[in-house]
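Order as written gives the chain letters A, B, C and D; numbering starts at 1 within each chain.
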Amino acid sequence: MFKKVLIANRGEIAVRIIRACRELGLQTVAVFSEADRRALHVRNADEAYLLGPAPSRESYLRGDKIIEIARTCGAGAIHPGYGFLAERADFAQACADSGIVFIGPKPSAIASMGDKAVARRTVAAAGVLVVPGTEAVGALHDDDLLAIAPVIGFPLLIKATAGGGGKGMREVANLEEMPGLLRSARREAEASFGDGNVYLEKLIEGARHIEIQLLADQQGNTIFLGERECSIQRRHQKLVEECPSPFVGEDQDLRNRMGQVAVRAAQAVDYVNAGTIEFLVDKDSNFYFLEMNTRLQVEHPVTEMVTGVDIVKEQIRIARGRQLRYQQDDIDLNGWAIECRINAEDPYNNFMPSTGVITHITPPTGPGVRIDTGVYAGFAVTPYYDSLFTKLIVWGETRAEAILRLRRSLEEYKIVGVRTNIPFHQKLVDSHRFMGGQFDTRFVEERFSIESTEDDADADLDIAAIIATLVAHRYNQRATNIVQRGKRDASNWKWISRWERMQH
Amino acid sequence: MFKKVLIANRGEIAVRIIRACRELGLQTVAVFSEADRRALHVRNADEAYLLGPAPSRESYLRGDKIIEIARTCGAGAIHPGYGFLAERADFAQACADSGIVFIGPKPSAIASMGDKAVARRTVAAAGVLVVPGTEAVGALHDDDLLAIAPVIGFPLLIKATAGGGGKGMREVANLEEMPGLLRSARREAEASFGDGNVYLEKLIEGARHIEIQLLADQQGNTIFLGERECSIQRRHQKLVEECPSPFVGEDQDLRNRMGQVAVRAAQAVDYVNAGTIEFLVDKDSNFYFLEMNTRLQVEHPVTEMVTGVDIVKEQIRIARGRQLRYQQDDIDLNGWAIECRINAEDPYNNFMPSTGVITHITPPTGPGVRIDTGVYAGFAVTPYYDSLFTKLIVWGETRAEAILRLRRSLEEYKIVGVRTNIPFHQKLVDSHRFMGGQFDTRFVEERFSIESTEDDADADLDIAAIIATLVAHRYNQRATNIVQRGKRDASNWKWISRWERMQH
Amino acid sequence: MRYITTIGEREFAVEIVDDSHILVDGKIYELNFDSVEDQPVYSLLVDGYSHEAYVYLVDGVWQVLMHGHFYPVMVEDEGEKRLRTSVAGSLHHGGEYHLKAPMPGMVVTVPVEEGQAVAKGDVLLVLESMKMQNELKSPRDGIVTHLRVKSGDRVEQHQTMLSVVD
Amino acid sequence: MRYITTIGEREFAVEIVDDSHILVDGKIYELNFDSVEDQPVYSLLVDGYSHEAYVYLVDGVWQVLMHGHFYPVMVEDEGEKRLRTSVAGSLHHGGEYHLKAPMPGMVVTVPVEEGQAVAKGDVLLVLESMKMQNELKSPRDGIVTHLRVKSGDRVEQHQTMLSVVD
């Protein structure tokens, strides 16, 4: 069986997968774009090969080149991570054709679940409820979609057929605005997946996004590892995930029913390896199949911390033909885990992406804290890839303990050089509705504002004034000194570069 | 009950305790010496007060000043951490006299266990086996000790009566060398504890150091949280600790017997709060009481990771008068944890302490990794305090998985600015005896050498040569350029400061 | 040194007495102020309390990020403050708005043309960065001028892409 | 540029061809070399393999710390190498040994006196740092001279505390 694994990805997930391989005694091969020579996955891997220029199309999406590298260096398997080539059936097939193990499901399963329209029909046929929407096959024209929309009813969602992660997704309130939204959705889908096809889905209001993590081996055993709550989203991008879901909570019956339906949906496509079934759950605990992600999820760590199962290692073991080491009865949920996605974006400037060299990091550590990251102090965050660069995951015996631990971790976390959404998470975690577990997928956009004034902020107004004045005072004094004396010596250069950092 | 806790300590343990307080919703007060203004515990606490100059005697050992600060700022409790004032019965008493809760045992229990000679008599009276040695009370003169030594038999150990952590401890092979060793042991004990008294103990050869973690509440419940293996030591300083012990392993009977004896020893002094009974265990699984540490241990995290109990939070709950949240039957050992103490010392230069500003840290992260630290990039490690500045703790489902995870974590861990003993840990973890769990307390000093040539080191000789040559080449080129052109501009200054760092 | 420090509606009269004392609205504070590793992270101990904040200077405003809250702060001496207050009215209206790239990226589409009238909130340009498409909107009514980019162009941070005038 | 690079008994003839090629004992390697954040941590990709090392320059020796192993490396051009080899004999013996403080600390005790004869391995001085007492021993036989410290003194790193001569 394979002894060397090529990781066809970058960032935190490439680092995560390299770690799993190392801990299994497997050799690791990184691939990288010109922008990523200094990236952590390149530093940590045993081998590393250049793919091409920074843009994904010329590097991380070059499946042909990646397979060629794997063959040349003798890697017997490829782990695709998430994004990029992870859900491309043609890539999985090309691996198989080259005698390389694709660490994931069979191409046929990726294809059935990857085309969201096919997926809906397949699972519906297996007796799983789906969210009402377009059921037609293949590429639908705008005319068709505009005609079907009123039948489904507004509000509805335009979604990318090849999609995921909120890319190419648009909410539509009425028929009038639909043509414009179709255009921008197709444009984004084309840019993200190389496929501009879209479909429609009814927008279930007040719904939660809850998903089931699955593991399936080649021997036909399929188990589920509890659920994850992923309702905290912005622009259809998940921001915070939990395991278990505060909505499911003690309702073991609901958990089991969702799990069993998820297993049935996976079995309907002969699913092998790790995968996730996403559901929308309404207030009355009715749940509807949304889509299946035929790959590792960003949020897998919360499940790992609560079940004790190392999902990435299990993926590799499955790909090596091993039987699952766990049966359904072995899976217990122990405690509570919450993940915050730390994105390079400015929460005070409409979440605009932020790039630059990270000059300093003080990470939170200590009991119950896990960080998955692809960066380090000195690394440059570039505009070419996703803004997610770090995940902060905490575990507690109870949800309350996990939240308190998250609060102290977010406060401890210092990142300088790019703006991050850490302040967003701090405000969110402090909100009463989050603490109470009372939120749906539209909570962040409709009921939450980072700008909202709160009592404790006012209390520190004088402290903010003092700090700003002291910094400004130092700045003025130093600037005067430099201008007056024209002293551009070593210590002043150091100071000047520091001020440059400050104005980032 | 108290709502604000003063932490009478510094470094990683002060940060650890602040975290526990925060996660319990308690206010925190740090104290600091002039050398520690920028320390992480000062940054992380809600309040922080200066104690005095850098030397411990003028700062962290100033119990009077600490109590005064606690009273002034309204802290209702003091957590002493380990070291400094943690095992000073007079300090615990002074807290009580000032109406401040000391988060630890009663002064009487500290006193009985703190005087090692009294401790030995007390637990022997409770039916616990002790290591043979001096049983006399009070201060023994050198003449007495030299007379008793041949009766106990050589080799033996001189140990500080007030001691712990290997300070003031000396091994004696014969009577001739004993007077000199007594002098140096007393000198070190005096310097470390302000008490030069020593006693003698037979050196049990081939023994392991295995200890039992205890928790006892004010209601009279005492439980043990499994054992820890602490045999990997150098100069009687622990370097690596595990939970469980590979020696005890599956021998649940031995574990229970040790645990029950430990509980009995603690109950003999009406013990309350967290504490540890240290045993020496010989090849035949006979175990002898060594001493009790009446405080939190450095190595408590391995127990936390395997039992899921947050020991520091439990200490605080106990101090608040709460009943233990666990009964003996609730305590399961799940998986395996190993801790490496990361010290600022140079393993290639006889483990000499290393000081300086830490300019860069890339910590290992990801699944199953915990770091407890008091430093960050930019912080100066000074010569005033212990060289332990970080603890790396890993968890795995099995010992094998934990070791593999430790290997990759040590390799990932980059610390620049001070030399660390990380390479020592890397070599140790790779040694066959460590992997096989076959070692006693003298293994590191007698059977292990970091200098030993190994095959894989030779394999990389050419790589080392290439890297050194490339760095030297860059250095020469740049130096030539600066000297020739006299260009001391901004970019050169940056470069010069970089070379200064390199020559640390 | 005396400053007038403004956060939103609140104004503070701040006097820096010496290295460890500051007077705020007549009240004296004892403090210990330090930066963390020459980074724009500051540690302030004031009357025993420990605070830590990021401070950035953006377009003349000190942005203080502390305990998860964001404070835009103006720090001025009396002369500066007077000047700003007296000219505020005349500067506020009129002039041009320059749309600068908030980050490096690629122009996806420019739905406006030179000379076109736009209303506040209209999309001027779509910029892609980090795989997200960001719609940049007009903060005011006006006419599009100086359109310097087209779709497919790569732009640097702070690069001016177009302007909107009255 | 050509260098003779020595690790223990092994000698490598190294020629730096260009930015991405190096010749070692006649064998060509393709490489990509970079430092991490201007720190003495270097990342080397050579023929696809990824290596990372700390490199420190101490007393003219390049200390390479890689994958948990320590390599003291001499890098010289041919002239330097010839010079060192030819004078090695004369430098090796005789002269003075200067005991320098390996770290900042406090002198606990000085068990030797000026003019005293010491043997290799004898303790010259006990230095306390980080709560540990470190015995500093003589690397050679000789006579103690230039004793500049006494117990209780604080010393800086690299400060010469005493010498041992033939």
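What we mean here is this: contacts are C-beta pairs under 8 Å (C-beta built on N, C-alpha and C of every residue); 3 or more make two chains touch, one makes a residue touch a chain.
Note that the structure is predicted; figures quoted are calculated from it, not measured.
Peer 1: Give me the set of chains touching chain B intersected with the set touching chain D.
Peer 2: Joint contacts, listed by label: A.
Peer 1: When contacts are scored as defined above, which chain pair ends up with more C-beta pairs, A-C or B-C?
Peer 2: A-C
Peer 1: Would you mind pulling out the distance in Å between where the CA atoms of chain A average out and where those of chain C do?
Peer 2: About 30 Å separates the centre of chain A from that of chain C.
Peer 1: With centres defined as the mean C-alpha position, give me the chain A-chain B separation in Å.
Peer 2: 38
Peer 1: From the C-alpha centre of chain C to that of chain D, how far is it in Å?
Peer 2: Chain centroid spacing, chain C to chain D, equals 51 Å.
Peer 1: Can you give the whole-Å distance between the Cα centres of chain B and chain C?
Peer 2: Inter-chain centre distance comes to 48 Å.
Peer 1: Which residue numbers or ranges of chain B touch two or more of the other chains?
Peer 2: Touching at least two other chains: 44, 360, 362, 376-378, 494.
Peer 1: Give the residues of chain C touching no fewer than two other chains, as numbers and ranges.
Peer 2: Touching at least two other chains: 36-39, 49, 52.
Peer 1: Considering the complex alone, what residue numbers of chain B touch chain D?
Peer 2: Listed in rising order, the residues are 167, 184, 187-188, 191-192, 344-345, 348-350, 352-355, 359-360, 362, 382-387, 410-411, 414, 416, 422-423, 426-427, 430, 450, 454, 456-457, 460-473, 475, 494, 498-499, 501-504.
Peer 1: Note which residues of chain C are touching chain B in the complex, please.
Peer 2: Interface residues on chain C, with respect to chain B: 32, 34, 36-39, 43, 45, 48-50, 52.
Peer 1: In the complex of these two chains, what residues of chain D are touching chain B?
Peer 2: Per the touch definition, chain D meets chain B at residues 1, 3, 5, 7, 10, 12, 14, 16, 22, 24, 29, 31, 33, 36-42, 44, 46, 49, 51-58, 62-71, 73, 75, 102-105, 108-109, 126, 128-134, 157.
Peer 1: Sort out for me which residues of chain B touch chain A in the complex.
Peer 2: Its residues touching chain A are 15-16, 19-20, 22-25, 40, 44, 301, 304, 308, 310, 334-335, 360-363, 365-373, 376-378, 396-397, 401, 404-405, 407-408, 412, 488, 490, 493-494, 496-497.
Peer 1: Using the touch definition from the top, list the residues of chain B that touch chain C in their complex.
Peer 2: It is residues 30, 37-38, 42-50, 73, 376-379 of chain B that touch chain C.
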